[in-house]
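One chain, subunit A, links the two complexes that follow: it is found with subunit B in the first and with subunit C in the second.
Here is the complex of A and B:
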């Protein structure tokens, strides 16, 4: 049994990430820089002992040095609690990237399966799936997040996992589920009557086997193009919810809550508290969207290789 | 005629300039300006000499108001009368007599029996008239403290206690009226007000009257139109201090009854939105969510407040309140953060008043649940706190370290010599030792509940988390809404600690503090769940003692026991801080911390 995947599409993810390209070198470098920061984040203090960069404990405030401007001791300055912003934006990289990745993978994965299943089964399954999508999408993202935090926040049902982080992941999953479902369904709907599907049916392959082995691989290009875009979107959602005080437990570093800390200080001229975490959000979103463009270049319409 | 048309542009320019002066300068200009305007309208040659006009406008930088002026010019060309009207505003000093205050939230409602938020209480105190108020004390460098031992009558003119303090004779002030209705203030209004308080309790004025000893309207005897006698009152030192409470304002019984219904016999719904009082200021208008305007009470015949109008402008963002203060658009900005106060202090034309106060910056420990049901561990936490970092770092030096339940800035702290009752200082080694004794040598985990989006809460919690981490204690922080916080405090459902900055006992008296917090049976806000039988005994024994020599030793014992049991972390006594324009004077700090408009003036 073979799938309808041309040989050139092997190593597609690898080609998107590191393959030769003319257009996205800068974005790609930025992405790997972010990835590097996300990896080293928790050990930043140890690294600071080896190389001469001024890093501090991201959770230890210096109450005698609040809102100090960027300097040799504090490259990005300090916030209202005297926490070092340079250290905290680096440590926050892992938090934001990890939550975005988990949330999108979870919601996107389920969305892909549901989309493929709906397009294969059609009929009432399709109708129900679409209605669920419409209901979820009818809520503005922030409102959905607030409602989830109000409903799940006080329950403490996630055991050792941080409650706020768990709800954030659920919120991102719920936002992404319909996006992937719609995308995958729209791509796969025309394939329902395709010959290879009929052949697979005749060969005795079950419904889930057909969906898994024949349907989803055909939407791989669209999924890969959508994935970095939705990760970028997820980072913005996390930052947005944290900005209004939902999500990461203080004083753990997170870009959105860091921007909030400095939002009211900008008019007093203390720009650095918000600008640096804001810049990291912009750069991470910018770097991620590059891969989406790259995927679209590599994968043509309909899931075939260009 | 043709010449006149040619001269029209200069005339317009002049009128534009003058109108801008009128708008920008407000009421601060003098009559001499009027003379200039009149001559300009009739003699256009005067146009070019008004250099002063430009300079004044530049200084004030009121950009938005310039647009309004442009519209006025078009009117003036066709109708000169408008110019005259504009000038008439200039001779009025109403602008100087207007006090503008930027506030964080809207006032909740206008029923004194329901007020709860500090801002609402502040307004109720100023727009309703209480039986008594504190007299201002002497000036102590640009401000004064209220003299908490001296009272002046408001709606009562005099009061007389019987020898056993169980009967109080109240004489009502004569010739008072309610300004909005014109109804006279009578003994019937007083009885209605007390009856309404008791009927709408148990909180608010019912609680206050209850602590005075009045639980039934039958205890109030109406002797004549001006005289009431309170029977079976509870002798205590706080009878008069309670009578100054903002919930005790007298109400216009005729108006309220006219607006009451069968379902709402005490007019509670009506009074939430409407006003029936006669404070030093009266509510003139109220645009929910944006502005409340108060006017000086025209019927009050005593000392007249300087400001004729007080405008309360709702500005939710603290940064915007600060910006309005810096630009001079408001005279006072309430509720600024520590950093914003520091910025305000360095701004031109702005001063920050920082007055030693009894404001408690305390952390509540849940005494009824592990791990802080262990007294040794509670004491360990008291030694673990770096008080200096909180006082001089987080609070930027606008505070002093606390030394127990009675504030170091309370007059009773010195009177009872409570300094030696305090035993804690930052001593991590002692904290570790006590933790080991308590069975927590390897550290432990707990949660602190704080209010969402309150910078002070986050700052204190973050600092304590780092300090406790040095001892191997893992403290997590959970921000909750204000309503959730109250649920946790009253239900004692918070895990380990809860932070409530800005706790202020409205009455500076140890009896008030103890029955409010530490009476294990009846405490109104027993937010720690602490109970001590000996302290209950002391409270019972001293409740009716009305002289301080008789209370000194019992309260020294109670305070010592309380400090030793460490039911909460007393971190600091924060200053009362107020950012205002430099020309605002006459500030008097009352024990309740509620800004009293009547003594404020523009003295600069």
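Here is the complex of A and C:
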């Protein structure tokens, strides 16, 4: 049982990432830069020994150098503990990207399956799915996150995994689940009666087989358009929750918690502590949303995003 | 109506299960250095030894009577605190929408009428910026650029009146006006105190602009789409062919037909921001329900968190419902 994929849609991911572009090359190179930083992340210190850039241990305080402005030794300055902001911003890239990716994949994946299942089954399954979506979406995202932290924060139920990170991932998944469910469902609902589905049914393919082999591939374009957008959104949520002290604990580098450190300093004019991590959030979000626009044009009309 | 009730019930239930399934909030209110017996006694008092279903039933019946529990830290009923803080949030969100109406909608109309024009590009740029920037960081940036940077005289001469107020809540150490609506600007005007009204408005500007820039982009985009769709529709063409002037067609046909989705989204944005402006409230020390929830979180005061979550979600759901009804009443096409 194979799906018929029009040749235009082959290698969609590859074409979105490196295919010819019309005018958004700046954004794309920005994305690859962020990706590169995410990959080298924690190894930046080692790399600093080979090429002359001033990087330090992201966790070792320098008590003689607190809150010093950007200089040749500290490109982005230092914070209250004397930690080097340039190093920490780069190390944090991986943390933010990974958490966003895991959360979106988890919640989005489940959302896709549930959406496809709902649009195949229709009837009460569909109704229940829609109600769940409605209920989850009526919580403001950050308050949902706060409530989750209130519930799961004190419990150490995730074993070796850092508690804050695990709750962050759960929060991101919960936010993404309804988004994907809705999107996939809206694309697939008209397909329930399509001829190829009937044919597959006649050929004896089970419900899950149809959902997996016929429904999900048909929603691929829309899923791909939604993916970068939701990742960008997830980064903002992670940073936002860390900003109010939930998620990643302060000594560990994370953009949101770094901005938090700088929040009290900015009224005294020490802008660099907050500004640089924030700028990195802006850059990642900006570069990621570019891909969404791009996959929409590649996928063609109907590829609307939430 | 039934659906609304079911959704509301589910919202409360999820909120309750999430916050109640936690460890021992009792230590938070009594401190760690208390004996088991006192803990036990307190747990009995608060009904924590009952099965969770009974607890939920108690909570629900109290909730329907407007009782949201008591803060475990301050011992003040949560409902009283929320009654004080909700107007602060509502005022901020209301002014945010005002600011959005000033920039997002005119630009959206313009962009819909003349796509590719200079104003359309400006609007798209602002929208792009708004979705990329985290609201709390933008707020901090504004504080630095507009509050810290503008020049002030050295200490002995006293500071020059700052361009914008320090990010410290709704009023700078002045007594708030007598409570009528809870909106300081409105209350001050009712009391006839224009200086106080100005003071309140002055403190509102930065939070409102920050939130508007980050929550306005969808409004801009929806306005643009609605207007350009209306422009391309047969009835606009027909109106032109009757010989009606550009201005008449724009107001009578285009804007009237484009307004429902925009108003719809504006109402949704309002409902969403009631709970969605948490971070901006924190940045500007705005004493709204968002900061209240964060305060509750910091003190493991879960009834506070639960109450805020439920209030925000309930407002959103009810608003959603009302918007649907209005839509229904306004648009005859939806009625069959």
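The definition used in the following text is that the second predicted complex is superposed on the first by the 299 of 306 C-alpha atoms of A that agree within 3 Å, B and C clash if a C-alpha of one lies under 4 Å from a C-alpha of the other, contacts with A are read in each partner's own complex, and residues count from 1 in each chain.
One rule holds in what follows: contacts are C-beta pairs under 8 Å (C-beta built on N, C-alpha and C of every residue); 3 or more make two chains touch, one makes a residue touch a chain.
From a predicted model like this one, the values you see are computed outputs, not experimental measurements.
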Partner touching more residues of subunit A, subunit B vs subunit C, is chain C
Based on the superposed arrangement, let me know which partner A:81 touches: subunit B (first), subunit C (second), both, or neither? first
In the overlaid three-chain picture, which partner chain does A:60 touch, first (subunit B) or second (subunit C), both, or neither? first
Once chain A of both complexes is superposed, is A:245 in touch with subunit B (first), subunit C (second), both, or neither? both
Touching A:141 in the superposition: subunit B (first), subunit C (second), both, neither? second
Which of the two partners, first being subunit B and second being subunit C, lies in contact with A:49: first, second, both, or neither? neither
Figure out whether A:289 sits in contact with subunit B (first) or subunit C (second), or with both, or with neither. second
Find the residues of subunit A that appear in the contact set with subunit B and again in the contact set with subunit C. 154, 245, 263, 266-268
With touch defined as at the start, can you tell me which subunit A residues reach subunit C in the complex? 131, 134-136, 138-144, 146-151, 153-155, 232, 236, 239-240, 243-246, 256, 259, 262-263, 266-269, 271, 274-275, 278, 281-282, 285-286, 289
Write out the stretch or stretches of subunit C touching subunit A in their complex. 3, 6-7, 10-11, 14-15, 18-23, 128, 131-134, 136-137, 140-141, 143-144, 147-149, 166-167, 272, 274-276, 278-279, 282-283, 290, 293-294, 297-298, 300, 302, 305-306, 308-309, 312-313, 316-317, 320
Touching subunit A in the complex: which residues of subunit B? 317-320, 322-323, 337, 339-340, 343, 389-390, 392-394, 452-453, 455, 458-459, 461-463, 465-466, 469, 476-479, 484
Parts of subunit A lying in touch with subunit B, wherever the complex brings them together: 57, 59-64, 66-67, 80-83, 154, 245, 249-251, 263-268
